[in-house]
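After this come two complexes, each holding chain A, first together with chain B and then together with chain C.
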Partner chain A sequence: MAFVPGQPVTAIVQRIEIHKLRQGDNLILGFSIGGGIDQDPTQNPFSEDKTDKGIYVTRVTEGGPAEVAGLQIGDKIMQVNGWDMTMVTHDQARKRLTKRNEEVVRLLVTRQSLQKAVQQSMMS
Partner chain B sequence: MDTESTYSGYSHYSGHSKKAHRQGSRDRHKSPRSKDGSRSEKSVTIQTPPAEPLLGNDASRAEEGQDDNWGETTTAITGTSEHSISQEDIARISKDLEDSVGLDCKRYLGLTVAAVLGLLVFLTPIAFILLPQILWRDDLEPCGTVCEGLFISVAFKLLILLIGTWALFFRQPKADLPRVFVFRALLLVLIFLFVFSYWLFYGVRILDSKDTNYQGIVQYAVSLVDALLFIHYLAIVLLELRQLQPMFTVKVVRSTDGESRYYSLGHLSIQRAALVVLENYYRDFTVYNPALLTASKSRAAKHMAGLKVYNVDGPGNNAAGQSRAMIAAAARRRDSSHNELYYEEADHERRVKKRRARLVVAVEEAFTHIKRLQAEEQQKAPGEMMDPREAAQAIFPSMARALQKYLRTTRQQQYHSMESILQHLSFCITNNMTPKAFLERYLNPGPTLQYDRDRWFSKQWTLVSEEAVTSGLQDGVVFVLKCLDFSLVVNVKKIPFIKLSEEFIDPKSHKFVLRLQSETSV
Partner chain C sequence: MTEPPSLSAGAEEEKESVPTQLMKHKNEVGVASEELGSTNAAADQKEQTTSEIRQGCVYRSSGRPENTDIIKSVVMDQEASRNCELYVPMSSNRSAMESSEESEEDMYRDEEEIQREKILLCEANSSEHKPSVSPEMDIMEYCAKEWRGNTPVAKRMRKGYEAVAQKFASIRRIRGDNYCAFRATLFQALSQATQLPRWLQSEDFTMLPENLLSKYDWIKQWQLKQKPGKKMGEISDEIKEYLILLRKKWKNISEIKSPTEKQEACDKLFKNEDEEYSLYEALKFLMLNTAIELYNADKNGRRVPVFSWLLFARDTSSNPCQLMQNHLNHIGHSGGLEQVEMFLLAYALQYTIQVYRLYKYSTDEFITLYPNDPEEDWPVVTLITEDDRHYNIPVRMCQETML
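Entry: the complex of A and B
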């Protein structure tokens, strides 16, 4: 997941579709995000490359919509509904995820194990 | 208590033996009286000696009288002291006598040579100018203002040279070094050669041929004076300036108790470095107190006395094997002398602290009895006025006992006679010092200079060195300054070459960001 500046980022991603849950006046997704281009990347426990300023999933609430949809802790979110999440500030990421008129968010996430799974399947 | 009486015997005996050599038999028949007096010392009645000037005989007589009451409770003079003090005194005194004659001759010879040379050098330009006037005045070309200008310049330059020489060379010699001072000798030789060559030239070219160009002669004299001023400059640089920049660090360790100091020196010869070290020794090192060393000596004696080697296998003088066997046995033996040392030292610390507390309290109380009279009050109450000496004598008895006990515990009692304590007390009273300032002298052992010359143990020094003493200091040179009782080992190290590089920091380059790591739940 390391990126070379100036080159397009390639990653193996998984599509995850989360249906927001209504709780009172809010629509919640059931996970927490960390990271962003205005944050300190060295404190990210999930990133492989400590200069990676992408958005990561830091917590997934049990039984929430995100867990049901298959989101795992430590995933890096690459796109939300077509919007890029690799070069956004923390607040922009939060806003993209919590739009009030969207009931469903379609994420593209990537994680370490995806790469390994693809490699294994290619070898066999 | 046993140790205390032995030490008292030491000081008692040494005090008497020294005076015996100076004052003949007068002290001999006084000693039985003092012994009787000292036995009844426990009650504190102190006969204050008459307030006389403290020079010479009076001081020793006062010390004699004070030994009655101030001295310790001696029951017997222990003749078996560790070294016989009186014989050492004889040796020292006779050595001083015979050395002083030889040294003086050498010193005065050097001084007279330098003085004669200096006088000759000073009079030479004047002679150069005057001789043509005296000898062939009529033949000389008249030379008006130019010569007079040159006369003035010669006069002032000679005056400057005179003042400079007085400032630089006319100083009391403060030490006697074993070898000749190389730079000074070089300079004297240089000056001599220089003046000699000038006289030679003058004699041959001017006197013999009776040169009539007076202006040239005067200019020749002016050039001599200029060159002399330059030689004076050279003397300043060689003798004074060159050694100022520190190049070496010397470590000085006293052999008896390991006290050490570091000093910075420049380019000096070994003998001059030794001189600097000795001058600083008298100021920086605490006074050498032989009474403090007896504990370690007794421990060492016990180590050696514990084992004996018996040769069971027959005759054979295997000395090396024997000593090795002794060392091995000593290493294996489980002796508890470290335990003894620890408890002894802890005990001693406690005792010293207790006595010190008592002393401080006693002195503070004693000082409260004295009040200074202001000038107006002095006319009003002429009755009970005392001068500082009497005031000191009045308050001394209340603190005498505590002070005596403290000095005995810290083994300093030989360094402070009652007379010196009274003198110090009156000095402190005169200068409005607090009790703590009065006690500062007794609570900490001070440098050697603070004490009476008789107690120094270190007046005659010998320089022991493997290299020639006139050679300069180098890295790794070691020399030893020995006196009769101890020695100072001096180790020279070069100050390392320091590479210093610079780094420029723009004051505007100090910028900071916050380290954020926020987590938002969506």
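Entry: the complex of A and C
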């Protein structure tokens, strides 16, 4: 999953559909994100390529909506409800995930284990 | 203090309507009677970074603290012990009122916390040059520690911190003397500095004190900071030194490429030593310079920002000379920065200072910008204040947002 700015990205993705949980006034998803084009990418422990400024899942709350939907720590979020997440600021990413009128968000995520699984099945 | 192990689960005690914080506190029935007089109750208000008046409640075996007998003890907080003056923040009065409203909340720290604080106090007393800016700490953890309880104020503070936590992951406490606004602003500015601001680049920047003194004789009454043992040189020479130091430090730090190294350099600079305080004096002088510029511009009929009118509308500062005598000379000693002076600071630095004012949560003043209509290319630094008196800084090192 090499990341070269300016080059089209090819990745094996998994669809994750998160149904947000209402807690009082808020709709929570149950995970944390890190990254963004305005952030320092060298601090991301999950990216293969340390220049990758994409949005990564840094924490998943146990039993929360994200975990239930299959999201995993270390996942890179490529798209949210059709909106690209590979070239956004941290705050833009947050906004796209926390729209008040959206109870469901459909993510496309990629993770290293997916890549490896496909490679292995191709080789056998 | 010994803890009866069978009660540590708190199961039996939970029958009474006890808030969840009680689980942390192991002061159980009968045991805490040894604590009379030595217990410091943090009450439901925050432990402030400067010395404060803490209220202790007499703990009776009914299991609830009684508010009728109140023991007041003045505790020198770890950071205050480094300051020579006793800084009693305004909000200590507020604290007194709040604790009397709150009778349900358990106000005791448990044994672990007391031990931890004792160790911290020993460390603090032994070293003189502790950092002026504490290491970062998770915002919500900090908030949970400082604001327990359910008074409207505590709730508002917690909501305020939650809002800050949307954008920032951590908070760093700033030493709470009357320089804290300078400290917070300068620290934030330097932490993200990648170049010298335009006004620092100008050739005759260091000629400023000489130029102004030749035009305005009253500047001779400028209050230089007291340096023990060192002879006070000519005012303009001293101030020139401070300005040179400011430029040097800014230049060095802005040239550091790596964000972590830059952060380290800032931590090293803000170590409660002479250098740090020289920088604040430089900032004060720059504020005076800006004030003079604005005052003259206004007199000559040129447009000035609104805060400039407010600045000079005060009885105590109807002109730059009074501003110096009654305000600037006192900053760092007997007073901090008033709000209108925050505007002046922002203008002098050509930075936008964005402040989360937590006590204004749910009003449109919650996030206040100094100045309100910022110029496009002025960099933004962010501060947090609970009461417009003491400032801390939010930092983003963890770059994580909880959703």
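List of remarks:
To be clear about the criterion, the second predicted complex is superposed on the first by the 124 of 124 C-alpha atoms of A that agree within 3 Å, B and C clash if a C-alpha of one lies under 4 Å from a C-alpha of the other, contacts with A are read in each partner's own complex, and residues count from 1 in each chain.
The rule is simple: a residue touches a chain if its C-beta (ideal position, glycine included) is under 8 Å from a C-beta of that chain, and two chains touch if they have at least 3 such contacts.
This structure is a prediction, so every number in the text was calculated from the model and none was measured.
By the document's definition of touching, both partners, chain B and chain C, reach A:L29.
When the shared chain is aligned, chain B and chain C each come close enough to touch A:T98. Of the two partner chains placed by superposition, chain B and chain C are both touched by A:R59.
On chain A, the surface touched by chain B in one complex and the surface touched by chain C in the other have residues 28-29, 31-34, 39-40, 43, 58-59, 90, 94, 97-98 in common. Residues 28-29, 31-34, 38-40, 43-44, 58-59, 61, 90, 94, 97-98 of chain A are the ones touching chain B in the complex. Within the complex, the chain C residues that touch chain A are 166-167, 259, 397-403. Within the complex, the chain A residues that touch chain C are 28-36, 39-40, 43, 58-59, 90-91, 94, 97-98. Those residues of chain B whose C-beta lies close enough to touch chain A in the complex are 515-522.
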